[in-house]
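In what follows, structures are represented as C-alpha cells.
What follows is a pair of complexes built around chain A, which joins chain B in one and chain C in the other.
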Partner chain A sequence: MTSNKKAGFGFAIIAIAAAAIVPLVAGDYYVSFSTEIAIMILMLSSYRMVVLTGEWSFAHVVLQGVGAYTAAIMVKDWGAPFPVSLVAGAVVAAAVAAVLSFPLLKMRGFYFLMGTFGAAEAIRLLWRKFKYFGGTRGFSGISAPYLEVGPITIDFGHPASFFYLALAIVVVCLLVIWSMEQSRLGQIWRTIEQQDVLAQAVGIDTRRYRRIAFIISAAFAGIAGVLLAYAFGSVTPNRFNLNFALYLMIWAIVGGTRSFYGVILGGIILMGFDESLRFADELRPGIYGIILILVMLFWPRGIERLVGLDKLFAPKAALPDSGSLAASTKGDAR
Partner chain B sequence: MQFLIETLINSAMASAASALVVVGLALIFGVMRIENFAHGELYMVGAYAAWYFGTSLGGGYAVGFVAAVMVTAMIGVFMEVFLFRRLKENPMGPLIVTIGVLLVLQTAAAWLFGVNSNLLVDSPFAGAASIAGINVPWHRLFVIGAAIVLLGGLTVLLRTTKFGWALRAVAQDKDAARLQGISIGAISLLAMALSAGLAGAAGALMAPIVRISPYMGQPIIITAFIVIILGGIGSLEGAILAAIIYSTFFTFISAYFDSTVASIAGLCLMLLVLVVKPSGLMGKAQKV
Partner chain C sequence: MSVLSLKGVTKKFGGLTAVNDVNLEVRAGTIHGLIGPNGAGKTTLFSLITGFYTPTTGTVHLDGEEVTSTSTSHRARKGLVRTFQGTVLFPDQTVAQNIANGMLATASGSWRDWFSESQAYAKNRDHEVEKLLQFARLTDLRNAAARDLSHGQQRVLGIAIALAAKPRVLLLDEPFTGMTASEKDRLVEMLQAIRQSGTTVVLVEHDMRTVMKLCDVITVLNFGKVLTEGTPEHVRRHPEVMSAYLGTAA
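Let's turn to the complex of A and B:
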C-alpha cells in the first residue's frame, strides 16, 4: 500500500466519522439533508463509472428512478421488507440497463447521449402514462423500514437512524466501486476512454467492458433510488426528469470526474451550495449554468484540481496532465 | 373528415415551425460539429423579443419579428466568440457549455418576465380563412408561407452566393476550405448568427399562437434533436424532410391518442433510427 493510499484511507475514515457525528450535533432537518447528500454521492460515484469509459449518459437519473419505483411497488403492493426491496431495486435497475445497453452501446459521443435521453425519457413517460406506476402523482406513503430482532427494535422512520442506515449502505457501495476501479476492470475502463482503438487492438472487447460499466453503475443508481424512495416516502416521475439528469452531469463536471474523490467532494460542496440557494429557487438553474460555463472555460478539471487532491489520491497513470474534461473522449464522427 | 383536414393543416404548421428551428441546428452541426442544446432557448428568446419589441414597446409585429431575429443572432454571435472558439480542442466541451447557456437563458427569461406570464402577441393577420368549410386562422397560413419563404431564401443563399459556397465548403472539409483561403472563424460566426436568427424567427412566428413561457424551448429542442437524428445529422435537406415527416406523425398521434403517447412513439422512432440506420434519412454514413 502506497503512502497515497494510506492518506486516502485516513481521509475516508475521518470523513465517515465526521458524517457519523452529524445526527448528534444537528437537528432533524439537517440530518435528512445529510441523507440526501449521501444518496447524491452514491449517484455521482456510480455515474462516474460510465464517465470513466468516456461517455456521458442522460439515463442515470431514470435508472435511479427504476430502483425507486421498484422499491415503491414492492412496498405498496407486496409489503416487502427493506433488504428485499433494496436488492430488488438494484437488480431491476441493472436488468433495465442490461436490456437498454444492447441498442445504446452501439453509439458513442453525442449519439450515445441522445440515445440514453430517448430511452430514459420514454421510460419516464411510461411511468406518467400508466396507472400501475401511479401516473403523474407517483407513489406516496412508503413506510420507513422497521427492524425487530429479539429485544432490539429500530424504527428507521426517525431521520437519524435512517441516516445511519443510508450512510452504511453508501459507504459499502463506495468501497465496492473504489475497489472495482482499482482492479483490472477499472484499468480497462480508463484504457477504453483514452485509447479506444489501442484497447481493441490488444484484444479488449471494448463494447463488453462499456456494457459492464453501464450495468454496474445502474445497479448502484438503483440502490440510490431505493434509498431515495424510503428517505422521501414518495416517488414521482418528475423527480427523474431531464433537469435532474442535467444537474447530475453538471455536478459531476464541476466536482471533477478524474479522481474518485472529485465527485464526492463536489457532491458535498454542491449540495451545501444548493441548500444555500434555497432562498433564490428561481435563479438556481441560471447560477448552475454560469458555474458550468465558467468551469468549462477556465477550470476544466473541476473542484478536485483546486484542492490538489487529484495528485494525492488518484493512480498516477490515470492523470495525463493535459487531460481536460473529456478531452480524450472520442466524439462522434469527429 | 373535418377533423382530418384540421389536423393536416395543424401538422403543416408544426412542420413549418420545426423546419425553421431544425435547419439552424443542422447548419451549426454541419459547419462547426457542435450540437447546440440552447437552440430551443433561442426560439424562446425569439418569442419573448417579438412580444417585448412588438407589443410591450408598441412597435408592431414586423418590428418585433426583426428584433427577434437580431437579438437571437446576437446571442448566437456571443456564443461563438466567447464560448465555442475557446473550447475548440475539447470535443464534448461546446456541447456541455450549450447546456449552461440553456439554463442561463431559461432563468433569465423567468426572472425578467415571470414564470407564469400571460403575454399576448397580436398577429397582423387577424381573423380566419375558410377552407373547405373549416376556419383556419390567417396567422397559421402566414407561418407556413413565411417558413417556405425563409427556407427558400436560405437555399438561395447557400447555393448561389459566395458566402453559401464557402459555408458548404467548410461543412464538407474544414482543412481543404482553409487551404482555399476561407476564414473558418468568419464562416462560423456568420453561420452561428444565421442559425440563431432562424430559431428567433421561428419563435417570433409562433409567438401569437403558442403560450409564451420560459420553458417553451424544451419540447422544441427535444423535437429538434429527434428530427435531426431522423434526417441525418448535418444534412439540411434531410432535416427539412424529417421535420415534415416527424411533425405530421406527431400531430396525428397527438390528435388521435394523446401527446404523451406521441412523445413515447417519437422517442422510440429516434432510438430505432439510431440503431438501424444511424446516418438517418439523408446523412452520410458515419460511425456512431
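Let's turn to the complex of A and C:
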C-alpha cells in the first residue's frame, strides 16, 4: 500500500468514525439531516461513475426515484421487508437504466444529456399520471424497517438507528464503487473519457462500457432511492424533478469529479451550506448560480483541488509522479 | 498466406466512388505499403480496413474470418489494431499508463477484474509495459504526461499503445509525418523489429523514400483503383506510377 493510499484509508476511517458520533452529540433533526447527506453522497458517487466515461446525465435522480417507488410499492402492496425492497430497488433501477441505455447511449455529449432529460421527464410523468404510482401525491406512510434476531428487536424508526443503517449501507456501496474505479473497468472508463477513438482502436467496445457504467450507477441510485423512501416515509414525484437533477450536477461539478473524494466533500459542504440557507429560500437558486460560475472560473476541478488533497485517494491510473508503475502496483496487491 | 484480404471493395459517397473494386492481399509477416497521390483513396481504404467505414460492396477478411461490417473495436480484439495520423493519445496520463491502456481490452481476464485487479494481470501488465517502454525508448519518460512528449516521441508512443494490444496486423496511418531524419531511421528499425516478431505491418505513407526502403510489398492506388502492386523495385520502374505522381502523360 502506498503512503497516499494509507493516508486515504486513514481519512476514510476518520470520516466514518466522525459520522458515527453524530447521533451521540446531535439532536434528531441533525441526525436525520446526516442521513440525507449520506444518501446524497451515495447519489453523487454513483453519478460520478457515468461522469468518468465522459457523459453527464439528467436521469440519475429519476433512477433514484425508480428505486424509491419500487420500495414504496413493495412495502405498501406486498409488505416486503427492508432487505427485499433494498435489493428490488437496485435491480429495478438497473433494469430501467438498461432499457433506456439502448436509445440513449447511441448519443453522446449534449445529445445524450438531452436524451436523459427526455427519458427522465417521461418516467416522472408516468408517476404523476398513473394511479398505480400514487399520482402527484405519491406514497406516504412507508413504515420504518425493523429487525428481529431472536429476542432482540431493532426498530429503525428511530432517527439514530436508521442513520446507522443508512451509513453502513452507503459505506459498503462506496467501497464497491471505489474498488470498481480502481479495477480494469474503471481504467477502461477513463480511457473512453480521455480518447474514445483510441480506446476503440485498441479493442475497447466503448458503447458497451458506457452502458455498463450507466446501469451500475443506476443500481446504486436505486439503493439511494430506497433509503430515501424509508428515511422520509414517503415518495412523491416532485422529489425527483429537474431541480434535483440540476443540483446533483452542480454539486458534482463544485465538489470535483476527478477524484473519488471530491464529490463526497462537495456533498457534505453543499448540503451543509444548503441547510444554512434555509432562512433565505428565495435566494438559494441565485446563490447556487454564483457558486457554480465562480467554481468553474477559478477552480475548474472543484473543491477537491482547492483543498489540495487531490493526490490523495487518486487511483493508480492517475498517479503520474509517484515512482514507477511497477512499484505502485506491487504495493497495491493487498 | 494472406492475413488480411479485401475482395472487390468499393466505397461510394453519393455520386463519388472513392474506392473502386479494390482487391488487396496482405501476406503475413510482411510490411505492406499503401501509396498513391493525394485523393487516390488511401485514407478511405484505410478506414474500410479498420472498420470506420463499411464498404458499399465487397468483403474484408481478417485471417480468413469475415469482418466486413464489424466495429473497429471488434477488429482490434481480433488482432487488427490501427494508429492515427495525428497524435491521438491519452494526453493527461503518463507514458506508462498510456501503454498499459493499450492492453485493457485484449489482455485475458475475468469478471472479477471489474472489482479488483488480479495480481496476475498487474504483473503481466507491468512486464509488458516495461518491454514496450524499452522497445520505444521511452523508459526514461515513463512518468511524463503523454502531452509533454515531443512530436516524434508521441508518434512512437502511439505505436507502443497499439503494440500493447498484441496485434497480428498493425495498421499505421502516415507514421513518418513530421518526424526528423533520425526519428525516421529509428522508426524504420522499430518497424523492421516488429515484422521480425511476426506482426504484419500495413502502412499508408507519403514519404516515398522511406516506403521504398522499408516495405516488402507496395500497392499503388490512383483514382480509387489499384494501379499496380509489387516490390519496391517493381513499383519504382513502373511507368504509370511516375506519371500518376507527376501528372505527365503515360
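Quick note on the criterion: the second predicted complex is superposed on the first by the 316 of 334 C-alpha atoms of A that agree within 3 Å, B and C clash if a C-alpha of one lies under 4 Å from a C-alpha of the other, contacts with A are read in each partner's own complex, and residues count from 1 in each chain.
The rule is simple: contacts are C-beta pairs under 8 Å (C-beta built on N, C-alpha and C of every residue); 3 or more make two chains touch, one makes a residue touch a chain.
Values in this document were obtained by computation on a predicted structure and should not be read as measured data.
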(message) Just checking: does A:24 make contact with chain B only, chain C only, both, or neither of them? Give me first, second, both or neither.
(response) neither
(request) Check the residue A:119 against both partner chains and state whether it touches chain B (first), chain C (second), both, or neither. (result) first
(request) Have a look at where A:203 lands relative to chain B and chain C in the superposition and call it first, second, both or neither. (result) second
(message) Once the two complexes are aligned on chain A, which partner has more residues of chain A within touching range, chain B or chain C?
(response) B
(message) Please report the chain A residues shared by its interface with chain B and its interface with chain C.
(response) 324-326, 329-330, 332-333
(request) Within their complex, state which residues of chain B touch chain A. (result) 33, 35, 83, 86-87, 89-93, 95-97, 99-104, 106-108, 110-111, 115, 218, 222, 225-226, 229, 233, 260-261, 263-264, 267-268, 270-271, 274-275, 278, 286-288
(message) With touch defined as at the start, can you tell me which chain A residues reach chain C in the complex?
(response) 176, 179-180, 182-185, 187-188, 190-191, 194-195, 197-206, 317-318, 320-321, 323-326, 329-330, 332-333
(message) Under the stated contact criterion, what part of chain C meets chain A in this complex?
(response) 50, 71-74, 76-77, 81-84, 88-94, 96-97, 100-106, 109, 113-117, 119, 121-122, 125-126, 129-130, 142-145, 161-162, 164-165
(message) Help me check something: in the complex, which residues belonging to chain A touch chain B?
(response) 56, 103, 106-115, 117-119, 121-122, 125-126, 128-129, 242, 246, 249-250, 253, 282-293, 296-297, 300, 324-327, 329-334
